[in-house]
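Structure below; questions to follow.
As written, the chains take the letters A, B, C, D, E and F, and residue 1 is the first residue of each chain.
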């Protein structure tokens, strides 16, 4: 799909259908973590930290490899109305667990755990303001935080070779009022027929496709259009990750 | 993709790449539930019950519609090695929650909640033997259980019109040792590069696509091949649902 | 008590007061567990699996003996109205814990843990349909599952000698509308004055007697009549266990 | 069995086989509860309080009857070695739940809930020192506390008629080194073949019999001997309850 | 105590003993909350939001007053080494609960709940970077967030009169290596003999004094010196609150 | 402050403003614990036990020192109206955790953990009747229990030298209807403007000061008056501890 074929802009924030929101990636956002990134997809803001621990979980003991795991949370008032604090309620919601499992899988897809030694990389993604796309922003930001943590291990000689095999980033796409659009904000997300989260590598391979019909089922053609939009968007996000890391 | 183009059968159980495992759908499996189905995808066996409750959760009170929700569980020794009992451990795993959320969304996609009255339909999917594909078998069986429960409400005059808009079924597809295959068993599932769960309606619309690269990222072409396989398989499953319901 | 002295059959299902419901014991019901039994006492159906784990709980470490423990559960719609899923609620009820403790004690009473090595035998009893007597069916079926698991260990040479000292089975008895009856179904159980669960060995020794006055207190004579009924019933159950195991 | 036929005293504390430990029942032990009793069976000491709440649990709403429920706990150092505090661990053990369910059933057996109005009687039994028989002491003491609470409601005119139909008390019996004995202390309890807890009414009816073979199975004759011992003991306990209440 | 009498600066960060760290109060930090403040005490950074809910907790229903409550949390990597995520662990630590109770009491001390209507003000204090003094920064920032939320209610006419009676702020003081110091950072806090958190109103009244001897007990004289330091510091904090609110 | 300057007795129980309630310290209250004390501050009654465990928590392993920790609880009917049992609710309240953390800190302040060996001293404070001041009574009683436990270790040669460096006791003070008073009972506590809990050593050093304005903020002068009252009271409590221990 070329942008020429897109319908005129009718999106709530005036964006073209194939446009990302303004993306900002701020490194070294907090001072203790080996990697710390504030990632912004428009009004969605997530703090992603990467913490290195010199041990692995029990199921990997003595297996001569490392581990990478992710956790996700939202501040209670990251959203329009205040949500319960999960720590106070005593458990993480199904949604939270689903998202943090997704983030972990996405990052492990580009991470060679055998080259990471007996270490765990903890990625914490905490949403301080939510306007749609928190999971895709989390993946995109967590990659940069993980890259910084690995760079520090390489610089200090704790790692001889980088376990990172490729870039990874994510974006949402969806069909909003009949129009396939890229990078939905909350208004669009809560009013769309189909919602798809896509995770891809820098080389353009798919790591995850999660498409859900919220209203009417979607067709193969719609799916293809959405994957086209996502590919374009993720290509841009990977460029932004590289710029943020000073690799361009 | 036609089956003619498939490579010769190399699957662990001798199946063709595009063949479902033997599927059995046994209705009225237990006696109390409004709908009760034992669904078998080969050696995977799931008891799916549909229970009607004459109330709705608090967030729907006074909204003049019904609700449909699903829960999923596995008997501790449904698997090769015994797993912890979630009730004894005191919480459901992230995997369990992810699956039951998927089942619920899949069924709601073909269910008109406004035609269901102030009722909740509880779908319980309990795996008594697991050999891969428990979530897709659950969705496929739960639909039949839901259909039976609705038929009972129609027969008794409690519902005037069916809230069910279409059939829904699900199947897994994946790339096993380079070969795209349909309906993976456990052996294939634990050794595949890409795993995709697909939920479709009887009319052939997509409700969910959840594809994950377990090893290498997958390509657009592979994704298309997998979706072809899934469409074929789900078409067959819907036929089997109709046969089981005596609608053919 | 001889059956001659029993009053004419007035039981809801037409049984004689001293008659068991039809009992079926199906071995190798699921395929992974070392022992797997579907036990049916009339409409009560329980899947009992025996799983061998090559380790013992911490309190037995280095004590040169094994352990045997039981867990119990009900599918949410095993009953007339759907019950909460204990895994979702986050804890097992007092009733569940009481029953699984009883099952474990009953089986340990005929099991020589010192002859079992540094192993644990997990017995899981999951009720898929409940019509009274789920705990007694569980004990009766779990014994057969345990026997199969032990036979496998003997056959493979992992055990030199069987730790099983005797058979064990269980039945409920009660006073229903003034009549002492054997093996109560749900209708009787929910409308009886006294309810007693009895566990006995193949040799006729008592392992557990748990009698409760639901309405009026019961007398010593009634207790004796109930224990007579139970002895007869358990004798028959042990015969059925032997038949199922091919030992008759 | 008459005491004449008992073997010479060989019990650890020098008691005759058919002798209770010294029993003390102290009313108004703490000052706020409607009934508050310290009950001592030898070195076993339990604080039993009865609290009246002017409401019933949801399942009894609008049913025009009351409710009675019991809870049980042990101070962490009520025992030889310190046990975990259940409040800190975050759950009550299976043993605790089993005991508090027993206490509740025992008291409800002599309590006419329909005469209690829309009220709940909470019985809390907290063991401050344990030397065997904590559940039987709890039942025996809780009855006195309940009686005091009811008397207060009668005195104040809140109840017109007592819901208490009879006395209820409990005692343990067991076979210790071959000798049937009454009211086991901890030393005997932890070294006995058969352990039986018996709950009876003042009129001599059985409310609960819970007999467990800890080692060898027990015979019908042993069961009868134990029930004889229990009947004698409970008869004495009911007299002590009456004395404590000033009803003799 | 005048600053003239202070020993020469020996603090890790070169501050005078009676100097606050640089304090920054950023209002409208996130966009949804009625009040949203980023408060920084040096390297300690806390997001404080004030959320208005149009209901009160059950214990205040029909009492014609409002409620104010606080919750506190830390991002896992707010600290030198990553801490467990409380939501994942399933409970808030004792420290967390202690702090959020303190914040709530501090704010209620200057808040007239009877003038707040049937509303709840939720104050959420989430630490994104911790370098000592997180609870005092939280109180200081939460006041500003609460003030903004109240101003919005006043502006919209939902409140006729402000329930805020005075300012409130907090600071820590302690004896570090023998020297009484104001506003300890983490290095000082983890190496001090006495640690005191003080909450005061704008008018100079004490709301909370919480002093703890970490090593040697402290004297009355030391306590007085610390309270002097705290009074000075809180006076400055209240000025900074007023500046931030544009009230100076 | 001398008692001469106190206003005439107006306290609910007729005490002078600077008078403690009758204090009783009963050692060896229960029989198993190494130290077991019933402490009474008027109608407040707390059982304090000290239990020695021959191990330390993980964070102290191989650090050649011991540990001391406290837990606190209330029987459900220790208070005017029955409170929920924390073990049944599944968690300790914030209040409970705050109190047990305070007790632990207070005792550790006079305890040289390096002289205690690889042991843990568990202090359990369980309130059987509450009339204000349960935390201060707990600290005062726990010290005596700890002292007894240490004496036993010294007597048996398990410790060569006492780890106890000084006495420690606690008392509450407050401003009740304008009058500064010592050792508040429940009536005063629930109706006071300022409430302060003070922990001091035998030598007169401060271990904890926790002052809270319940209504109006308090002044420095009021704080000083309260600390004077507390010092006097704690001096008397330490004398009573010494008497109880036979050290006077």
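By definition in this document, contacts are C-beta pairs under 8 Å (C-beta built on N, C-alpha and C of every residue); 3 or more make two chains touch, one makes a residue touch a chain.
Because the structure is predicted, anything quoted here is derived from the model rather than measured.
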Item to check | Topological distance between chain B and chain F, in contact steps | outcome: 3
Item to check | Neighbouring chains common to chain B and chain D, by label | outcome: C
Item to check | For chain C and chain D, chains touching each | outcome: none
Checklist outcome for this item: Matching the CA atoms of chain C with those of chain F requires turning by an angle in degrees, to the nearest 5, of 120
Next on the checklist: What's the farthest chain from chain A if centres are computed as the mean of the Cα atoms?
Outcome noted: D
Checklist entry - Same or different for chain B and chain C, when you check if over half of the residue numbers at their contact belong to both copies? => result same
Checklist entry - With chain centres defined as C-alpha means, what is the inter-centre distance between chain C and chain E in Å? => result 60
Checklist outcome for this item: Distance between the CA centroids of chain A and chain E (whole Å) is 34
Checklist entry - In whole angstrom, how far does the Cα centroid of chain E sit from the Cα centroid of chain F? => result 28
Checklist entry - Where the CA atoms of chain A average out and where those of chain C average out, how many Å apart are those spots? => result 52
Next on the checklist: I need the residues of chain A touching at least two other chains; which ones are they?
Outcome noted: 90-91
Next on the checklist: Chain contact topology under the given definition, line, ring, star, complete or other?
Outcome noted: ring
Checklist entry - Circling the ring from chain C via chain D, which chains come up in turn? => result C, D, F, E, A, B
Next on the checklist: For the complex, give me every residue of chain B touching chain A.
Outcome noted: 91, 94-95, 97-98, 100-101, 105, 109, 196, 200-201, 203, 205-213, 216-220, 223, 227
Checklist entry - Residues of chain B touching chain C in their complex? => result 30-33, 36, 43, 45, 47, 49, 51, 53, 71, 73, 75-82, 85-88, 90-92, 96, 122, 124, 126, 128-129
